[in-house]
Amino acid sequence: MRRKIVPWLFLAPSLGGVILFTGLPFLDVVKRSFQDAMGTRFVGMDNYRAVLANSAFRLAAGNTVRFLAVCIPLLMTVSFTAALLISAGSNIGRESKGAADTGDRYSVFRTTLVLPMTIPAASMVLVWKILLCPDGVLNQFLSGASGRTWQVDWAFSRWAFPVLTATYLWKNTGYDMILWLAGLQGISGELYEAAKMDGAGVFARMWYITLPGLKGTFGLVGILSVVNSFRVYREAYLLAGSYPDASIYLIPHLFAHWFLDLDIQKMTAAAAMMTAIALILAVIMGMPGMKRRKR
Amino acid sequence: MKILKDNSRNRLMRRAAWGLAICLTVSAIGGCAKKTGPSEDSMGGESQTEARSPVSGQNETEPGAMGRYGETKVQLPQSIEEQSFIQFIRGKEGGMELYTADRVPDTGKVLEAYRYVYQDGSWQQDQGWAGNQALKDLEIDLMHVAFGMDGNYYAGGTDRDYSYHLFRMEADGSAQELLKDEFKPKNGERYGLIPAKFEVLEDGRIAVYNYSEVVLYDASGKRLFAMAKDFSGDTGDSRGFCTDDEFITVYEGQIARYSLQDGSIVENIDYSGIQGSREDVKLLGDGSGGIYAVNETGVSHSNKGGTLWEILIDGTLNHLGMRSLALRGFLEGDNGDFYGVFTGRGTTGMEMFHYEYDPDLEAVPPLTLTVYSLEDNSTVRQAASLFQSEHPEVRVEVRTAVENGGTVTEEMVQGLNTELLSGKGADILILDGLPARSYIEKGILMDIREVAEEAKDSGEMLNNLLDGFKEEDGAVYQIPARAAFPLLIGEQEALQAYFSLETMAKYQGEEPLMGIENYENLLRKVAHLRYEELFDQESGAIERDKLIQYLETVKIIGDANGSKTVFSEEEGERYFVSNSVLPNGILSSAAEYDRGVCSSGIECLDGYWELCIAAEVRNRHPESKFMTAGKIYLPSVMAGINSSAANKEEAEQFIRCLLSYDVQKEDLSDGFPVNKRALQSWVETEREGYSVGMGYGDYSISAQWPGVQVRQEIMDMLKELTVPVTVDETVMKMIVEGSRDYYDGKESVNQAADGIMRKLSIYLSE
Amino acid sequence: MMRKRRTAITITLFAACLLVWLPLLVMAAAVLMPEDELYWRYLSPLGLGQDRVRAALLPSYPSLDSLLELLVRSPGFFKMFWNSCIQVFPMLLGQLAAAAPAAWALAKFQFPGKRQLFGAYVVLMVLPFQVTQVSDYLVLDRLGILDSHLALIMPGIWSALPVYIMTKSFETVPEALVEAAYLDGAGELYAFFHIGVPLGYPGIATALMLSFVDRWNALEQPVTYLKDRTLWPVSLYLPDIARDKASVAFAAALITCLLPVLTYLNCQEELEQGVAASGVKQ
């Protein structure tokens, strides 16, 4: 009996605030998606039809899905690799003699890789421009290496997609890596020892011990990567302006333009649909990260 | 293991040190921010009530909040209208004195100087003043008058060689020169120093204000020491004053108190609490160690030793905030009241206002009208000041998205949209740079056809400039308060090339059609000149074929005159070009035509300056003509009313005010009036001595106020313009960015057009 | 063999870290350049012209001019910096007070509707700001806190992301420990404060760090909710830099990210060790 009311007491402060500051606005968004722009008249499903028929929306949605499909696996792989390297490196270090300073060295790597997360997009944009503009470092480097002149405007051409992917990786790898590292260190070393004794190779150990042990982390990293992927708009906007190359024209671009033109009815309808899709995905995947209790 | 521990402890210590450093920085910043905190809170509180009232529809402020400074005009003698301002000071026995002069229009030489004294509530000329004669005998043009703390009058002025002289005016009417050698040209220089101001202390020491320092001399003329202040090139500068033992000025962005004993800084006072421009601020003492700071936002006061700035007079409510006026002198009266002398744009005449605390006035006018614009605009400020002096019950709050030339960002428009979509936002929107079309479609703007019709029916307006803003159903959502237009100058043959893209491309003169400039300007210029031919006026779109023709035409023009996307510094110096860009691309180019670099020039006429130059160029080339670019003009200061405005009636009144003669007659360099009477008065005004000039390299041109026929000609042109041009900035940007590689020779015109059309189709399908 | 592999790993990681260090060094060097050197090297990136970029990791003639210009002659910058502090730190405290207990409940209690509730938090977390911008504005207006620091602090406190991260972290607290505490007669609050908070600490720290960085860099919210310019945070200083002030752009960029970076460096050890510790006890 006691336990029934207690969780709600713990939840109360957060729940109250979330309902007021996020829940109610969200309901208002849903309501607006059935109204005209000024919220004066109900228009039924008109907004939804308009959005679905809108070619800019289809382009943006397609690009966004593509970006997620490319970047999230990539980010997870890169950050996982980094985590493995650091973990392996410090393990080896611990086993061999000069333990003290090796541990230190790897913590420097760790710190370094997380650092980009803390730096505002606006601060880095100037540096990216130094790298990527037609007169920039990257072109100079390529010209030097290949012997012919490179004058690619990286941020504004079809290279914009890889560029954006790179800035996304630059920024988020470290953070995901930390999460992986936590997961890795949670797997007991004795398991590895036992497997080694049984003659399991590196890949077998990876497949049968490491990956299953990281199941929980997987969901966490995945969701946070998605959340962070929406923030990539800031880089895209600062680097390539509000109408970038068609390959990196993402949902947030479209939303920004709709908002500038006061097309809030389209925006809310699109947002409601996106939320619905997210919900459906969540249900299918059994609430990602909502771990079953294990005992 | 032990080693590791120690290491990590060391590291922790180091980190703790870092942390401490952060804390120190933060608290240091916090500390100085806190000091000004309360004063800003009080201001913030005030502006909050102001901001809230129109939003919530509550126009009543709290009862009991009574009392504020009211402004009344002080009648000045009739004769002053023809005289120019010299000085406004307190003289013997604390009486207020105003010094003026009659000048020769062209040279500015002083013919006669006058002293007026304030007696029993009115200004009288002081016939007994001997100063005029004394200076005339010495052939000195009066510039400054001061009443020293030692009880003597002092005067300063320049001789025929522009050398400055400083005199003590003796009781017998003679003048005793002081600091004779200080103002003589220093070795190698042509002119000596002309100070901005001087003051004399009780013991006869003299403080002379130079550009970036104040030098103190003892009574015998021996230089004692100098005290640094921030640079000011203004010859009437009063950003500083002396008390009997201190000198107070602005130094390195702070108010500095200098000791007059040894010239050391006693104290620095933060004055970030003062709003508005801190460059144009006037400082004066309150007689008990405190400081008044006066600028267009009003009068703030700080007590001795205090760091709190309290706003005494809100300048936005009166003439202090009026852009067409310049505050020249400001004095405290005997009863906590103030007097301010202003001059207008003309060279003669001045106005005086008296500021007196009135306990019966509401502390804040009961009704607030808000005006929003992305960038600061002088015509709007002018109308706001005038509107408030006519409607004391209304406070006009002008809100701008950016200050001091900052960049307008998408976030700012989004912030405004949020308010508008919530049924809030300013009462009046200045639509320049805002998505006006969307606002109209979404019902954000109110139909103000009545205001428009009434204005048109009055016969006072240039109706042709307003007609273009009528929607198909007869509704009117926006009215421009200013209009500029491109004026072409050149020989008939060249001018005819402007009739279409085709003729522009085909033009084969001895000189290229237009002068050299960067491609972005060229693109923007042609887009504006051929607006009707290029763009669909509903959607702002452009056809692919037209786009290609447009890009190629610009390329032909650019190839002919040597334009580039970007110029290097050497090229900039060689061709007198820059990489800066104007929104409409119409860089002043009559001078290029005059130099013979190109066969036609264009001026974007938005004020007197360009016209003077253009008229002078035509004088130099009798074969040349003026022509407008079809019927296009560039409307600006487009005013609309928020359909959820709380004070619709006052908002309409404000727009009437914006269009009224009194606002429109001022030249604020943001366009011509749309008011016919204002334009007419401009045509009729003769301005002797008005002269402008420019030059670069070996070339120079100077021009006088154009003759009445020219002014009439311009007015007649304005009367014929009917096509308002507003090129969609999003489309323009796409074209500029998408064509850069084409003009750099890196891709073909088709590739460029494809890229632009791709983006454009996304934009249009949103 | 071991040694070789370790060397290989070290080299790989070092290369990866270079990708982080080099851009940051370029920025730091630019901060120390006098104006003319800055223009000589970075004319194109600054948008002032077109010229070959001459990137450098060290300034040729180090000078503190642009830093001084920013810190001494731009009083506005300080004010904005301080505003940022006022807006961010109370919000973090609020987040701690609201999100941690909620996350504890979601992680350690069984009650009907829990999965759905958690799902709702996840969905709200993914919504982009623009979508709820107008609705949020209406709520803030109703509460009468527009145009004050509270307009940024309040909505920030109830962000869903920290709840999510903290929940994930609390889930790793061993159930046995909690049960044992109950058996010893501990109350709910005791269990939360003495077992949950210490063991879930890494998640809490991570969540707060993330919120800190996110809010420190907020652009849309302050522009939308704060009309009064004197309340603007430092994140709005960067985009507002006019072209003629391009020389301080690098300095402003550096100073703006200094606090988040230093905070991270300062607590990263605790943060990471904590993260690791939580894993071990799973």
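Structural remarks
We call the chains A, B and C, going by the order they appear; numbering starts again at 1 in every chain.
Convention: contacts are C-beta pairs under 8 Å (C-beta built on N, C-alpha and C of every residue); 3 or more make two chains touch, one makes a residue touch a chain.
Since the structure is predicted, the reported quantities are computational estimates derived from the model, not experimental observations.
A count of contacting C-beta pairs for B-C and for A-C identifies A-C as the more extensively joined pair. Taking the mean of all protein C-alpha atoms as the reference point, the chain centroid lying nearest to it belongs to B. When you average the Cα atoms of each chain and compare centres, the chain farthest from chain C turns out to be B.
Between chain A and chain B the centroid-to-centroid distance comes to 47 Å (mean Cα coordinates, whole Å). Note on chain placement: the centre of chain B and the centre of chain C lie 40 Å apart, centres being C-alpha means. Distance between chain A and chain C, defined via averaged C-alpha coordinates, is recorded as 15 Å.
In chain C, the residues that reach two or more other chains under the touch definition are 50-51, 130, 133-134, 138, 219, 239, 263, 265, 269. Those residues of chain B in touch with two or more other chains are numbered 414, 421.
Touching of two or more other chains is recorded for residues 256, 259, 264 of chain A.
Those residues of chain C that touch chain B in the complex are listed here as 48-51, 72-73, 75-76, 78-79, 81-82, 85, 130, 133-134, 137-138, 141, 147-148, 219-220, 223-225, 227-231, 239-244, 259, 262-263, 265-267, 269. Residues 8, 11-12, 15, 18-19, 21-22, 26, 29-30, 32-33, 40, 43-44, 47-48, 51, 55, 252-253, 270, 272, 399, 402-407, 409, 411-412, 414-415, 418-419, 421-422, 424, 565-569, 579 of chain B touch chain C in their complex.
In the complex of the two chains, the chain A residues touching chain C come out as 3-4, 6-8, 10-11, 13-15, 17-18, 20-26, 28-29, 32, 82, 85-86, 88-89, 92-93, 95-96, 102, 105-124, 126-131, 133-137, 140, 170, 175, 178-179, 181-186, 216, 220, 223-224, 226-227, 230, 234, 251-252, 255-256, 259, 264, 267-268, 271, 275, 278-279, 282-283, 287-291, 293, 295. Contacts from chain C toward chain A in the complex involve residues 2-3, 5-6, 9-10, 12-14, 16-17, 19-21, 23-24, 26-27, 30, 42, 44-46, 50-53, 55, 97-99, 101-102, 104-106, 109-111, 114-115, 117-128, 130-136, 138-139, 154-155, 157-161, 163-165, 168, 171-172, 175, 188, 192, 202, 206, 209-210, 213, 216-217, 219, 235, 238-239, 249-250, 253-254, 256-257, 260-261, 263-265, 268-269, 272, 275-276, 278-280, 282.
The touching residues of chain A, counted against chain B in their complex, run 37-40, 54-56, 59, 99-100, 103-104, 151, 153, 156, 237, 241-243, 246, 249, 254, 256-264.
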